[in-house]
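Next come two complexes built around chain A: one with chain B, the other with chain C.
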Partner chain A sequence: MSWLRLAPIVTVLVMIGPVGAGLLATIGPAFGIMPGLSDAPAGLAVWRRLFDMPGLGQGVALAAWTGFAATALAFVIAVLFCAAWHGTATFDRLMRGLSPLLSVPHVTVAFGLAFLIAPSGWLVRALTGFERPPDWLTVHDPLGLGLIGTLIAKELPFLLLMTLAALNQVPAQRYHAMARTLGYGRMLAWLHGVLPLLYPQLRLPVFAVLAYSLSVVDVALVIGPTLPPTLAVQLTRWFADPDLSLRLVAAAGAVLQVAVVVAGIGAWLVLERVVGLLARRLRGAGWRGRQDAVARGLALAPALAALTLTGLGLATMALWSLATSWRFPALLPQDWSLRAWDKVGTAALGPTVALALAASTVAALLVLGCLEHEAAADRKPRRAVLWLLYVPLLVPQIGFLFGLQVLLVWLGADGGWPAVLWSHLVFVLPYVFLALAEPYRAWDSRYGRTARCLGAGPARVWLRVKLPMLLRPVLVAAAIGVAVSVAQYLPTLFAGAGRFATLTTEAVTLSAGGDRRVIGAYAVMQMLVPLAGFALALGLPAWLYRDRRGLRVGR
Partner chain B sequence: MRNAILGLIMAVLAAPAALADGWDDVLARAKGQTVYFNAWGGSDTINAYIAWAGEEVEKRYGVKVSHVKLTDTADAVNRVLAERTAGRDSGGSVDLIWINGENFANMKRNGLLHGPWAESLPSWRHVDVAGKPTVVRDFTEPTDGLEAPWGMAQFVLVYDQARVATPPRTLAELAAWAKANPGRFTYPQPPDFLGTTFLKQAVIGLNGNDPRLAEAASDAALGELTAPLWAYLDDLHPAMWRSGRAYPANGPAQIQLLGDGEVDIALSFDPSEAASLVKNGQLPDTVRTFVFEGGTIGNTHFVAIPYNAAAKEGAQVLANFLLSPEAQARKQDPRYWGSFTVLAMDKLTANDRARFDALDLGAATLSAAELGKALGEPHASWMERIEVEWARRYAAGQ
Partner chain C sequence: MTAPLILRAACLRLAGKVLLGPLDLTVEPGQVVTLMGPSGSGKSSLLSWLCGTLAREFEAEGRVLLGERDLTDLPPERRRLGILFQDDLLFPHLSVAENLGFALPARAGDRSPRIAAALAEADLAGFEARDPATLSGGQRARVAALRVLLAEPSALLLDEPFAKLDAELREQFRRFVIDHAQAAGLPVLLVTHDPADARAAGGPVLRLGQP
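So, the complex of A and B:
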């Protein structure tokens, strides 16, 4: 199976090629190189203009603050929740509630939470007796607290699931039990005994969250500060400004945005060290933290709040989709209708599903190739390879998408199916890899050896033994790929020459009209498609293997 | 000499025939083309109108129309720019753009537009060039036939008469009303075009429509004419929604605030927008429209063809249809869109005029007489300078 050796190379090229070329094509304009523009300033003039833009410094500071605070808080909440509740029924219940949120687009969560916390929103309607909405600055608050809250609510499920996946790879139970026998309380035993083992595997997911939070645009537009907005929002505006020479400033801003992300990751690495040292001091002090009942309650509260608020927000969006009008201070819509649902383009459903299936299938095949190659060679990939895998998640989209568009036009590939599929693959691949790698590596190779002893060739072993045993994780990984593909907006737009209508592009263009009812209807649709994927991924193996007890899911 | 004159006469006589020939040629080449019409897609009524126009054009001329729905006109401009950068000077992916103002001026300046073609469209003869000078001067920039007018817009204010007894009819009254009703007025954050239009309206109003506003902004004029604007805003902002510490991102977000009851007065650049929002339930039926005394800014929106468009002839056929009395009358009908026509009633046949006379504009829409005088846009340079200064003063943080 020598073609297997090609799988990692193809995978990396598929992912890194566009990002690298896109970045290069962004750096050019940042230094005044843009053949399409006749009134382009040259060289460093672009950078001088960038640093003269009003509100730039504030925008960078805001991006750093909101991105860092959101990531740190989400991480701390996730870790404390795991420390306090891992292995309990409460933990399982909450995870079941949180997992579906993984497939909800960020901006939908933002719309939902914005409608909850606005002075004319649902919480004020439910909890106060105002006849007119009070003039409170909750949405778009200058400190970005709403933005931070939304990011936490959305990233928490991702971090928890990544933690859960990592927990399966280390002997967490044994270490935890050992720390308990040393007299540590439940939480401290986990923090001292399990977390240090776990953390190296969480680092990259955390960086992905950090990079995303530092450069997020759509969520910040809905709920973030406006005077000035964060850097990413500012440079998106410049990309859209009628003054074409601002495109160059935007390109320079995109390079600055990449620098902010790099600096953010650097700062996180420093923080890591500091926390590590403090934890060692704490261990040396010998405090056992045996009375942690209150702390466990406190650790549950933020996770529960995130789940409740997000759920409420999404429920209100679903209600909006059924409303004709819903005016302040009514708790429920005054008039109901299905009109918004008529506007949901069913025409977009077909391409959305086809694209998502194609992208996740290709991604799953490539990832299976990589992992099988790795298993055949019997060695784990080096750290550097993992980093490569994360590049599309670490580089801000705005930093390379314009360049990618130029590249695709130059290749004559824009506007077609293959280009859109490729652009989706860039983002689908890393997630599919992350989801599949650990279960695949954890497969007990003795099954394979047994089958070989019975006379089966490698291909037959793979097809008849390994794949059936791993069908569930493979399908779950593919379902995650579907969810990621369905949520893509900018890549679809840029690679599809705007001609490729998916649920998400339709949702985003129609939300430009600000009609909450239509936004609500699309939000529900955007949730349903990935959920259907997950249901299939879980239901199909259960049905196929209904008569094989050993392949049924435990618990 | 005589030959020259004779030749000139011949040329003049032959012109209409040549025009018709040229148009037949365009029609012939357009047949079978697919026109990618890049237009803002945030309103399903407008989307439905474009879909209708596309069906008609396909039925009558065999030209397929595909509406590329944009969140921002800049997306299409960026696409053309990317194609120019990558060296694709023909066979481009954008055939027709819904455009005006700065986007047009910048594309024109950078040579990104095809033409001139607009004034040789058969429908051009109905256009009200004399009565609506903005159909050939887009934000004072001469269109030079590089774009065809599509519709008229005028700055209006929208209020809820259940909450505002007498709407403020001047800038001074607006400031006084805002102070008496703190937190109930705001405008979209510049450089959103609606927010910027409010600033331009204020500059014109505070300076009695100074003629220097129609020319490129000089530093001296800028300082002199914008000083009253900043004084006015410094006075108004503390009384505004969120005390001026946050702004809605754009027109739709601001309309949402009106629907939620957070503000009582909102801005619009479409005199019939309020009526259609009332009709579909987004705004309460107590919403009405008003304008400032002394007139408000009016402008025209256009369609333009990028220099590298693949279906230039098909795009012209579509533009010509959009400009026809039939399509313009439907566009002005609030049931389908409600945007005012660019055509001159006295240039139409009696039949075509009847289409317009039959329209019922709805309670929330002002009549043409009530709308009053449309003021010209200031020169595009004013907009850019004012946007930068606004950001420096109010959006740069402390």
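So, the complex of A and C:
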């Protein structure tokens, strides 16, 4: 099947093309080169104006602080939790609680936590005796603590899942047991004996989290600082400003944002070295850390808190969507109605679902093509492929989406379905690939050989044997694609030229207005669409293969 | 329609090193030739090469013929060499009957009666709708053997298919496979560790990889 050879090429073009072209088309305007804006100042004038913008320095500092702190804390919490609890029932239980959060869009978690920590929010109602909401700045706090908290809550499940995947690749249990028989406490045995083996595989996911956290827009709009906001939020405003010359400044700012991410990754690499050296000295000292009961408890607390607070936040949101009036300081609404739900309607739901289904279907087909090509050519997966997959996750969205929009306008394709679909594919493809690659590669190829020897051609083997056996992982990967598509804010905004309304763009737009009932309803919908996808992805194979014990999970 | 299975100057290399061969061998219809040798001597790889599924890191030379017909450059599905592995590899998403139906050639008429007859003859009457995962080891082995035979192969390759069964089952199943292959007049090439397998097969024994 020679067309299979096209799959990797098409996939790379679809995924990396917009990022590369968009970056170039952002750098041009940043130096005053922009077709259509003839009186643009050339050279470094744009940059001088950028650095004169009020709040820029603070925006950069805020981005660096919130992004780095969120990533470092999420990573430390994930690692300590694994060290203390991996292999226990507690670990499995908490993972079961955290995994569904993976499919909830970032911005939905931000809404939930904002509802929870607001001065009139549920936490203040439950924990204080105030008669009126206190005059506290908790949601858009100037230090970005709410933003950091949201990012930790949302990235923790992702990092834990990546750690679990890495744990499957190394004989972790044996190394852990070995270190413990040498007298090390549970946690230290894991940190010394297992983590160094895992870390090389965790580096890319951590970088993705770091790049995302340093440049996130939607979450920062909902819960981040406002006076001034982080760099990426400032840039989004300038890009949308009626004053067209401000776009050039924003383009320069986007280049600066890319530089911030590069510097962030550089700083992480330095920190990684330092921590590695310290760990080596600690190992050299031979300290065993046998008394780690308290430490284990402390390692559990943040993970548990992240799960509890996020769960409470999402529940509060659901309650708001059903409330007519919910006066302070009542713990539950006084009157209930479905009125807010009328406003959600089908206007945004239809396009959201259609877009998500289209993006994840196209992505799943391309990824299947890539993986089958790899299998048919009997090729080993290469490290370079992994790096390619991470390109869209490492380049900040704001860094290339403006350039992409310029190109789309130039092609006359902005605001259309294909443009928005493509912009989603850039982010859906990597996740679908990462989700499907392992089960696809792990498929026992002897089934295929047996089928061939029974007289079935390659196409029949794939359709009748391989695909049916891999139905569940394929559908799960597609469901992850749906979740990723539903969560996209900035790509929809830019490629859709602001005219394309999805649940996420509507919800973020509404967040400025502050009608909690409608925001709550939108946020619940944002949660329900991915969850429906996962329910289908898990339920359909379970029903189809209800009488096939050999395909049951965890056999 | 049965013809001898012929290997001409078959030679397998791994990373430039000769693993096996050169080997000339003719297996007559109804005859069982046993290949014995230590692990790593290339026995299983030889069978993979014969049925056209050899992994790419191997290099192979020589020809495979069935009578006059040269199979060497054919894809696996057109060689019609049936193979049984140590694991039964019944497709987990298909029922017993669907597994057997997968093997029946498309031109075969009376599909369900043929499947039913085959099952009955293996003491598995009425097992059509069963999930392979609910069968015992011996039953699974027999279904796997039926599946190979229903594909109407021109020769049978056995890659230690008896190794995982316990002693009693092993003997029954060995009899079952060899009797059926001989009844169909198939040339059989058996790879095994177990001298008892070789004795039961009753044909010539070839020892590989001995210094």
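Here, the second predicted complex is superposed on the first by the 496 of 555 C-alpha atoms of A that agree within 3 Å, B and C clash if a C-alpha of one lies under 4 Å from a C-alpha of the other, contacts with A are read in each partner's own complex, and residues count from 1 in each chain.
Simple rule for what comes next: a residue touches a chain if its C-beta (ideal position, glycine included) is under 8 Å from a C-beta of that chain, and two chains touch if they have at least 3 such contacts.
These figures come from a predicted structure and were not determined experimentally.
Touching more residues of chain A than its counterpart among chain B and chain C is B.
Contacts of A:R452 after superposition: chain C is touched, whereas chain B is not reached.
In the overlay built on the shared chain, the residue A:G284 is in contact with neither chain B nor chain C. In the superposition on chain A, A:L137 makes contact with chain B only, not with chain C. Of the two partner chains, chain B is the only one that A:L221 touches; chain C does not reach it. In the superposition on chain A, A:E506 contacts chain B only, with no contact to chain C.
In the superposition on chain A, no contact is made by A:G129 with either chain B or chain C. Considering their complex, residues 36, 38, 40-44, 66, 68-72, 74-79, 81-88, 93, 101-103, 105-107, 109-111, 182-183, 189, 191, 241-243, 245-247, 249-253, 255-257, 259-262, 280-282, 284, 384, 388, 391-392, 394-397 of chain B touch chain A. Partner chain C is touched in their complex by these residues of chain A: 378, 444, 446-447, 449-458, 464-465, 468-469, 471, 545, 547-551, 555. The touching residues of chain C, counted against chain A in their complex, run 48, 51-53, 55-56, 75-77, 79-83, 85, 87, 89-95, 102-103, 105, 131-134, 147-148, 151, 153. Here chain A touches chain B in the complex through residues 34-39, 53-55, 57-58, 118-120, 132-133, 135, 137, 139-142, 221, 225-228, 237, 239-244, 247, 324-325, 327-328, 335, 337, 339, 343, 402, 405-407, 409-410, 412, 414-415, 493, 497-499, 501, 505-506, 508-516, 518, going by the rule given at the top.
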